[in-house]
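The two complexes that follow have chain A in common; it is paired with chain B in the first and with chain C in the second.
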Partner chain A sequence: MSNAITEIQQAKCLLIFGYNAADSHPVVARHILKARANGAKIIVCDPRKIESARIADQWLPLNNGSNMALVNAIANVIIEEDLYDKAFVQNNTEGFDAFREIASHYTPESVEQVTGLKAADIRLAARTYAAASEAMILWGMGVTQYGQAVDVVRGLAGLALLTGNFGRPGVGCGPVRGQNNVQGTCDMGMLPHQFPGYQSVADDVIRDKFEKAWGVTLSGTPGYRLTEVGHKADEGICKAFYIFGEDPAQTEADLAAMRATMRKMELVIVQDIFMTQTAEFADVIFPATSWGEHEGVYSSADRGFQRFYKAVNPSGDVKPDWEIFSLLATRMGYPMSYSNTEEIWDELRALAPLYAGVTYEKMADLKSVQWPCPTEDHPGTSYLFEGNKFSTPSGKGIFIGAEWRPPLEQPDSDYPLVLSTVREVGHYSCRSMTGNCSALQTLADEPGYVQMHPDDAKALGIDDQQLVWVSSRRGKVISRANYNDRVNKGVVYMTYQWWIGACNELTIEHVDPISSTPEFKYCAVKVEHIDDQAWAENYVQTEYSSLKARLKSHVANA
Partner chain B sequence: MKKSIVVCPYCGTGCKLKLVVENNKVIAAEPAMGRTNEGQLCLKGYYGWDFLNDTNLLTPRLKQPMIRRTRESALEAVSWDEAIQFASDKLMAIKKQYGPDAIMTTGSARGPGNEANYVMQKFARAVIGTNNVDHCARV
Partner chain C sequence: MNRFVFADPNMCIGCRTCEIACVVSHQVDGKLDGVSPEAFAPRLTLVKNVHVTTPVMCRQCDDAPCAQVCPNNAIVLEDGYVKVIQSRCIGCKTCVIACPYGAMNVVTTMVEESKGGSLFNRMAPKSQALKCDLCAHREAGPACVEVCPTSAIQLIKPETLSETSKQKREAAALNAAVASFR
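Let's turn to the complex of A and B:
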């Protein structure tokens, strides 16, 4: 995020795009409520009537998969109605003319059919956003989990550039990160093209610095991405998969393809805290300490480094993750030994100028330091781009426009509905942690729900709460119908943590060409009524019990 | 009774809370005045800790290293020394036969923390010799 989470309260307008804060970040939702109480105008662009839409000044229920068309239309209004900040654009940006040219094809009137919105409503939203003295954009996976995702992110950033909404408190762009430390994994260089601190592996000077610090020669060729592993395994290029603290057999798109990929590997190493469905594929399992059993630093979505402490001693023969890597490195001939996490942290900050001034002391207890923080006397950075200096070679903000393109797999007579995967408040990610918490498990359990508009369900003869089959060209799962008049007709929604009602058996591995993120928000499915509901209820329980028993037996019989 | 400061592991907001511990069991979570949460927590922050008490509701904790000696064998509990040797031998053999870029590694965007991820990417780059490092940001 370019701005701090707390600065949401200072915004005079919030443009919330494909982001359901109440379910995915309830405490961010409270900041949105406070902004509202402080008088901010709120515009929500989302096909579902999410909680934020209920308190919004304007809710734009756009068609699924039409994001780019709507963003371009908003840009069109801001430019053609002369609402943009000319001085800001003139002094601080590049690429305006090309951006304007693309936006000119997207009058609100011309996108009414694609977006399902009235031109007058798009115009009103664009005027509200442009008129605010401080306007902030928040987005989530409703933007990033499409085959056209990066283009939309650039388009939204373009709206902020047009209106001069960078480099001050209460403005900017907020991609609110989902997993607790997904910002941190990016910060730490868990990326195939960057060392820690966003430093390119292809840059000779930077590579030289890391080679000297680590005492080895390093590769300057970027690696491949997680979503490419399947193809690399098919081509015989990828032979081993070391999976650390994640559960791709539950969370990746098109799970049947993911399982086939893991079977092709000559070696699968899984390092985790729970016996997951991914761990079943392992040749080696390294058991690690959990959150609560070790200490360290996480990065919040707004670049805040924050320490967490150890609360309890683990009960098994488990080790902290960094110690496992050190043991393995040493055995493979590269001696590695750290005595604690602070030692690792100090090695990191010596190599990453963005974090150089962030000491353990400065993050002690409840304290938090937002990067960039280049020196120890620097307090950290609440909002980026102060003085309108951007992190580009020229220091200018760059407009990048793109034409809208539709999602890949359109509904047809065989699979007439669209499936979009979403979140629910009580469970997290693959559910190995929250599913082992009694209160959270009591609130929601297998097989989960498929949210449907009541009219769609009735047309299929499906009653509320009945079990149904949901299938796509890739798989078939059982789920429970949830009559939900907050969702739009023609589209069904499922959450991704269920094992029996696993929506990723259905999703498609069509990825954005730049980010390689799959199109989790759009694929064609059909929903079918099940006549024998008693059989179906029994089927869910039998499948669930046998899966749990199988995972338990791996541990019990080992 | 003791209280330990942690950051909630369930989303990117970075809420600070205190785990209340008695006899090495967590018994409650209390909100703390973190920068981003200002004394607030959500459902998961308040009730997302009891898996630490080994509830075994959904799936068991992993408590010892395990290996599968062949693809057909069952998982077998072994010592750390043996598991590390087994993994090391296999990784070295694959690296020797196919080159370092035949090995894919991932980071964890969840509980382990930044230091563990730093060491993981160093392991991939400096020890295996590949930039095949990625994580679940895209899901």
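Let's turn to the complex of A and C:
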């Protein structure tokens, strides 16, 4: 995020796009409510009437998969109605003319069909956003989990550039990350083309620095992204898969393809805190400590480093992740030893200028330090681009426009409904942690739910809470129908953490060309009524019990 | 006037933390380990429909319909709230019918009943009429108020009501001044 989460309260307008804070980040939802109480105008763009939409000044229930068309239309209004900040655009940006050219094709009237929105509503939203002295955009997976994702991100950033909403408190762009510490994994160099601190592996000077520090030769060729691994395995290039703190057999799109990928690997290592379905594929399992059993540093979505502390002693034969890595590296001929996480952290900040000044002491207790923090006397950076200096070679913000592309797999007579995968507040991510909490299990349990508009369900003869089959061209799962007046007709919604009702059996591996993130938010499915509900209830219980028994037996036989 | 717990629907984000906190608060050991789905009985329930999201719970009515209809005098006004004396509850559910808020929940479980020697032990139904008790057993007050991440849930006291009413009257007076007839 360009600006701190706490700055949400300072905004005079919040444009919330494909982001359900109440279910994904209740803490951010609180800031949104505070902003509203402070008088901020709230605009929510989401097909579902999410909690923020309920309290918004304006809710734009756009059609699923029409993001780029709506963003372009908002840009169109801001430019053509002369609402943009000409001085800011003139002095601090590049690429405006090309951006304007693309946006000129997207009058609100022309996108009514694609977005399902009235032109007047789009105009009103654009005017509200442009009129605010401080406007912030928040987006989430409803933007990034489409085949056209990076384009939309650039478009949203373009709206902020148009209106001069950068470089001050309470403005900017907030991609609120999908999971705890996703920001941290990017910060720490989990991206295949970067070393820690967003330093390119292709840069000779940077590589030389890391080679000297670590005493090894490093490759200047970017590695592979997760969605490429399957194809590299097919080509015989990827032979081993080391997975830690991740459950791709639950969370990746098109699980059947993911399982095939793991079977093709000569070696699968899984490092996790519980026996997961991914761990079933492992040749070697390294049992690791959980968040309460070790210390470390997390990055929050707004670049804030926060220390967390060990709360309890681990039980059983487990080790912290960093100790496992050290032991493995040592066995592989690279002696690696640290006595605590602070040593690792200090090594990191010596190599990453963005984090150089973030000491353990400055993060002590509950304090947060936001990068960039280049020196130890630097307090950290609440908002980026102060003085309108952007982190581009020219120092200017760059407009990048794009034409709208529809999602890949459109509904047809065989698969007439759209499936979009979403979150629910009570369960976190793949549920390997929250699934072991009895209270949360009681609130919602297997096989999970498929949220349907009552009219769609009734047309199929499906009652509320009945078990149903949901299938796509890739798979078929059982789920429980949830009549939901807040969802749009023609689209069904499932959360991705269920084992039996695993929606990722259905999703499609159609990836954004730049981020390689799959189109989790759009594929064609059908929902079918099950006549024998007693059989279906029994089937769910049997399947769930046998899966749990199988996972348990792996542990017992280990 | 009785105090009562109330939630502001404009602040509620539907997270259900209040439901869990309520169940935790009413466990003997304060722990949730091994609470079965049957025993999971929060005394407030999140309502989420197309228009509104908010937990609904007992208003501690001063002239409580549940207390009026209870045939066994199990529901009494005591300690500043509407209290159920569980030992007197016979599970007739009349209070459930009477409550205008749907805030009463009768839960019946089978418990072992001993009459003399273990030879005569038998399983017998035991009913409890569960409703908000303002967490009277908790020094810190209602658990739901404490955990709500958006501070949507509040304990309304007589002085809270008179203060908000005063503020509303002030606002109404101002509006009246603006909208004067001539």
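FYI, the second predicted complex is superposed on the first by the 558 of 558 C-alpha atoms of A that agree within 3 Å, B and C clash if a C-alpha of one lies under 4 Å from a C-alpha of the other, contacts with A are read in each partner's own complex, and residues count from 1 in each chain.
The criterion applied here is as follows: a residue touches a chain if its C-beta (ideal position, glycine included) is under 8 Å from a C-beta of that chain, and two chains touch if they have at least 3 such contacts.
This structure is a prediction, so every number in the text was calculated from the model and none was measured.
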| item | value |
| --- | --- |
| Touching partner for A:G461 - first (chain B), second (chain C), both, neither | neither |
| Chain B versus chain C as contact partner of A:P513, first or second or both or neither | neither |
| Contacts of A:P335 with chain B and chain C, given as first, second, both or neither | neither |
| Touching partner for A:G426 - first (chain B), second (chain C), both, neither | both |
| Partner chain(s) touched by A:P26 [first = chain B, second = chain C, both, neither] | both |
| Touching partner for A:P379 - first (chain B), second (chain C), both, neither | neither |
| Touched partner set for A:W322, first chain B, second chain C, both or neither | first |
| Touched partner set for A:R486, first chain B, second chain C, both or neither | second |
| Chain C versus chain B, contacts on chain A by residue | B |
| Touching partner for A:S219 - first (chain B), second (chain C), both, neither | first |
| Those residues of chain A which chain B touches in one complex and chain C touches in the other | 26-27, 30, 425-426, 437-441, 443 |
| Touching residues (chain side chain B, partner chain A) in the complex | 4-16, 19, 21, 24-26, 32-38, 40-45, 47-52, 54-68, 71, 74-77, 80, 83-88, 90-92, 94, 98, 100-127, 129-139 |
| Chain A residues touching chain C - in the complex, by the definition given at the top | 21-23, 26-27, 29-30, 33, 49, 51, 54-55, 425-426, 437-443, 445, 485-486 |
| Chain C residues touching chain A - in the complex, by the definition given at the top | 10-17, 19-20, 23-24, 32-35, 37, 40, 49-53, 149-150 |
